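To keep things simple, chains are lettered A, B, C, D, E and F as they appear, and every chain counts its residues starting from 1.
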Amino acid sequence: MGIVRRNIDRVSTAIIDALGQAGVATVHEAQGRTGCFRSDMRPIYGGAQIAGSAVTISAPPGDNWMLHVAIEKLQAGDILVLAPTSPCTDGYFGDLLATSAIARGCRGLVIDAGVRDVKDLTNMGFPVWSKAISAQGTVKETLGSVNVPVVCGGQAVDAGDVIVADDDGVVVVRRADAEKVLAEAEKRLANEEDKRARLASGELGLDMYRMRERLAAKGLRYE
Amino acid sequence: MGIVRRNIDRVSTAIIDALGQAGVATVHEAQGRTGCFRSDMRPIYGGAQIAGSAVTISAPPGDNWMLHVAIEKLQAGDILVLAPTSPCTDGYFGDLLATSAIARGCRGLVIDAGVRDVKDLTNMGFPVWSKAISAQGTVKETLGSVNVPVVCGGQAVDAGDVIVADDDGVVVVRRADAEKVLAEAEKRLANEEDKRARLASGELGLDMYRMRERLAAKGLRYE
Amino acid sequence: MGIVRRNIDRVSTAIIDALGQAGVATVHEAQGRTGCFRSDMRPIYGGAQIAGSAVTISAPPGDNWMLHVAIEKLQAGDILVLAPTSPCTDGYFGDLLATSAIARGCRGLVIDAGVRDVKDLTNMGFPVWSKAISAQGTVKETLGSVNVPVVCGGQAVDAGDVIVADDDGVVVVRRADAEKVLAEAEKRLANEEDKRARLASGELGLDMYRMRERLAAKGLRYE
Amino acid sequence: MGIVRRNIDRVSTAIIDALGQAGVATVHEAQGRTGCFRSDMRPIYGGAQIAGSAVTISAPPGDNWMLHVAIEKLQAGDILVLAPTSPCTDGYFGDLLATSAIARGCRGLVIDAGVRDVKDLTNMGFPVWSKAISAQGTVKETLGSVNVPVVCGGQAVDAGDVIVADDDGVVVVRRADAEKVLAEAEKRLANEEDKRARLASGELGLDMYRMRERLAAKGLRYE
Amino acid sequence: MGIVRRNIDRVSTAIIDALGQAGVATVHEAQGRTGCFRSDMRPIYGGAQIAGSAVTISAPPGDNWMLHVAIEKLQAGDILVLAPTSPCTDGYFGDLLATSAIARGCRGLVIDAGVRDVKDLTNMGFPVWSKAISAQGTVKETLGSVNVPVVCGGQAVDAGDVIVADDDGVVVVRRADAEKVLAEAEKRLANEEDKRARLASGELGLDMYRMRERLAAKGLRYE
Amino acid sequence: MGIVRRNIDRVSTAIIDALGQAGVATVHEAQGRTGCFRSDMRPIYGGAQIAGSAVTISAPPGDNWMLHVAIEKLQAGDILVLAPTSPCTDGYFGDLLATSAIARGCRGLVIDAGVRDVKDLTNMGFPVWSKAISAQGTVKETLGSVNVPVVCGGQAVDAGDVIVADDDGVVVVRRADAEKVLAEAEKRLANEEDKRARLASGELGLDMYRMRERLAAKGLRYE
């Protein structure tokens, strides 16, 4: 506790933005169905879809001091990722911190705790994925750490990993895997267009994916 | 496990549509305050109000294979009802399956698990009531069953039962009871118009429902 | 049980309205970070921001009889605050009760249980903060009490206390503290304007709040 | 609501007792991994292992009146199965009701709600599987039903179905399936003895179940 | 925040001990089915049954500093009652604090948060009712208050109120009501002996409480 | 997915056993209050206190195939650590697997899911910390991985990390930190003996830790 890593490595903006375009469900499939955050991490408003480099924060329950420390470390395109050291739903973050984060080019916040001033944040267009919405305020008394490995939403995240977030939730892509995952994601997207058209025309998945034989082999019985 | 009932009996479209018009709260009252699903089964977007015949699915946790099997059994006006065999929040269903379901005339999905691609589903106007929104993908490895009795959202549902769903949640009407329940629901609706007008004009429920005497008899004391 | 306090003291409308204007997060900070309801008490629709005097209801699980009794006690500007005597998610309140409450000038409902007819309530502009949305109906068999002290959303509330509710949740201000809390809240609001501008221009909280020294004294280490 | 089925069919005591001997995990496997109650239905004390015919109760939240009605319907060897009509944790059942149930030969209670006097019940040796332990009392104001189909612990149960309960939880066996399930369970038990000895001697499941080939075929890679 | 009330009024030891003897379920019934804590407040070991005067603590999440302050205020026969200012499961209390509390004659702890060293506490015979067992440690950085009104386990508690706790959970009796509640509790206990004997001999509650007529009047139908 | 790391590095048995002796609360404090698992990971029986090297398992929901693969990788003194890839409460592990694990010298299981046959496991003295007890069986259809980094109970764990578990829960110590953490833990233990004696004799923590001044400086007020 009480450590700030000054410099972190980031993935190129081009890769990050393309992962953001692909969206959470596709990216998570592209990396072998891994990296999804717990499903109780929900967006405070619908429609936002972002990707960015994680600036991570490990913070005590009910203490948001480290957010101020982390904001100084933000670069344009980053996403704040806060994990409390024990379960907490307090509102660590509101419109003043968002104003400051936006001034540094921050794209959003993912927090395994609470957030407040959500009407303001919505009006400002600053997206947050959180476990709770709560006006309960926090103190500034105990140190935490910035840009250390954390577990947020049930996933291990290190500073510089890529975070993708949309209406389906949040997924983390390890920095080292980002390029490979993007390639796989783009393959999937290309592939889906054709499938969508065939399904829309009434073709069944049973036929398109040739499932009938394997279902029968497993013993599926029609009565 | 591993059984598909090919043919199920359905209630007439006229009755189904009228139950949908009445809405969940009224229908559930009309059948003696029974049939409501657990309140954590929420719509992915507001405003949808549907009714249809249940095509039921019993599926293993994290395995959506049976959805493909079930879609073949859909008729226009049906609603997919999926219950996992043990608690699960994975995203069993997304925009490709929705495309296929819509092509068969499906009106929506009720799932005691998770769903994904919710922005797409919203844009497509395909309503879903689910326990979770989650990008977590599923496999296709283990058989389940289609059109067997299931427990979904805490309620027993059989194939062909009528599902009504709106912003208040989901209710099931047993196939054999649908006509009787509709009659009762329509009586209630007719009745409510008059009550609403009187309450709006300032008349108290205490007087309109003649509660004062019974309250006093039970011992209510004003201080 | 079974008691109705006829007359309760209320705070002046001017103070109540000003507290409503300040909003939940500010008011709760202004009274020393106290009074916030549990964060699972959520609004049924976004954007409402209200304040009013609490008319409290202690009701048995699954029994909404006392709501009718309480509505008679409403004055213009009041807010209904219902706490069940044991945990319950049933839909105690719907569009007919809302019609009646609106006719008495009621500004909203805060209920540590469920509510239904939420599409109608939304269309009527009657805001509700609740633990659940549920069509499950209730009976009228067992007495509760009106205008007695209750615990709702984890907070002690007495009749006549001021309730403030918005998208961040709900906070209670003790009647005797309302004036003092408002003064403090207005100080905070005045203060925030300047901070917001400085943060927007890129000044860091670390500097604006002079945190660097205290962080160093606590042992924060940059690597 | 408000119905009591006087006469229900039961499975023979020999079959019931043998299912009880087999235990929950084995019985549930023997019927194709179905019938397990939610895992939050826990015994109030360890070590009890029972089976019996279900006498079912559908009761309003916070109202235990129907337990008195159900007790009259008990025969020696029966198990009370109570499902509230909406979620409730109140203590529906305590030492007086247990005294009465024991006098009728009742073997235990499975309740998707709360129970109290658990120290007394433990001393009396009356086992209960419940969702909660709570001293919160209940009223006797609203009718429910006895010996009707219910959903308890997430499973559909009808009067006369066989309930098996032990430290692993609760499982229901449909009355019509009991004999077949028992035969299957006994096959499994016979089978397990040999397996246990081989595993204890150090043989690996990988070899005993011949899993290596299938794992390799699925693509398992050792590094 | 940051206030310690030095002197609090307590109920006489004779009344407190007699309430403890009566137990939680009886006491809560005796005061009109009120005062029960949430059912997730469970004892760390079975069999303890205590009563005492509440020394209340309002503490920040993850900060146990005020426990040291409160221990100085303990008198023999008191019970510590801790409520965090926002939800927290950290282990605020362990064997060292228990050693200190026991030295002051403290009878136990009721905490709407976590506790640790539970094996030691069990061996020491120091009973705790808590929401969680957690080794997660706490800091000593932020002030709270001692002997102020709190909400713990969903109930309002003031310093000097009587806490009764056993295997069924926890109940609070307002200081001013203790004598009256005890009288009522003793009446109930006397009453129960006779009922127990009659039920044990096979008499039905339906007859003993003369329920048959009222059930019929409400419409109960036997089929 | 589908990867098994054959060889992992382990900490020396002497260090592991000493960490086990120190217990969860002390070890977690010794490493700066980090590493504690979620508090819903509870032991299936009281009194066990173990430490060992983690053999990690990432497994699909409802699929326990990888446990067989992992058991082959066990060395005497190891602990199995299973994390499902999405939330699951199924009973992945029972008495047959325990028999096999014990034959390999395994000290216990930590599983962020369910376990069954808990009466047998208790009789065998094989300790398990789990999120649930559930008879619900699992399949063997989908690959997972063994000895890869996982997140279990909200903590990142890699193969070869030291797991300590007792009645307070579970803590992980990074392999590289084990020696340093042990040294710190032993310092704390030595330190505690003296404190315990002083507190038992009636000395207050306020005095022993010299808190009075700092409390006053923060503004604590006695009334």
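In the analysis below, a contact is a pair of C-beta atoms (placed from the backbone, for glycine too) under 8 Å apart; a residue touches a chain by one contact, two chains touch by 3 or more.
Only a predicted model underlies this, so the values are computations on that prediction, with no experimental measurement involved.
Shared contact partners of chain A and chain B, listed by label, are C, F.
At the interface between chain D and chain F, two copies of one sequence, fewer than half of the residue numbers in use appear on both sides, so the contact is built from largely different positions. Between the two copies, chain D and chain E, the Cα superposition rotates by 120°, quoted to the nearest 5.
Comparing the chain pairs A-C and B-F, the larger number of C-beta pairs in contact belongs to A-C.
Rounded to whole angstrom, the centroid-to-centroid distance between chain B and chain C, based on C-alpha atoms, equals 31 Å.
Separating the centre of chain B from that of chain D, both taken as means of CA atoms, is a distance of 28 Å.
With centres defined as mean CA coordinates, chain D is found 42 Å away from chain C.
For chain D, residues touching at least two other chains, in rising order: 33, 36, 85-87, 89, 134, 136, 142. The list of touching chain pairs reads A-B, A-C, A-E, A-F, B-C, B-D, B-F, C-D, C-E, D-E, D-F, E-F.
In the complex of the two chains, the chain E residues touching chain C come out as 1, 32-34, 36, 38, 85-87, 149, 151, 154-156. Residues 2-6, 65, 67-69, 71-72, 89, 91, 94-97, 99-100, 102-104, 114, 116-119, 122, 132-137, 140, 142-143 of chain A are the ones that touch chain C when the two sit in their complex. Remark: chain F residues 60-63, 85-90, 134, 136, 139, 141-142 touch chain B in the complex.
For chain D in complex with chain F, the residues that touch the partner chain are 24-25, 28-29, 33, 36, 39, 42, 46-47, 49, 166-169, 171, 192, 195-196, 199-202, 204-206, 209, 211, 215, 218-223.
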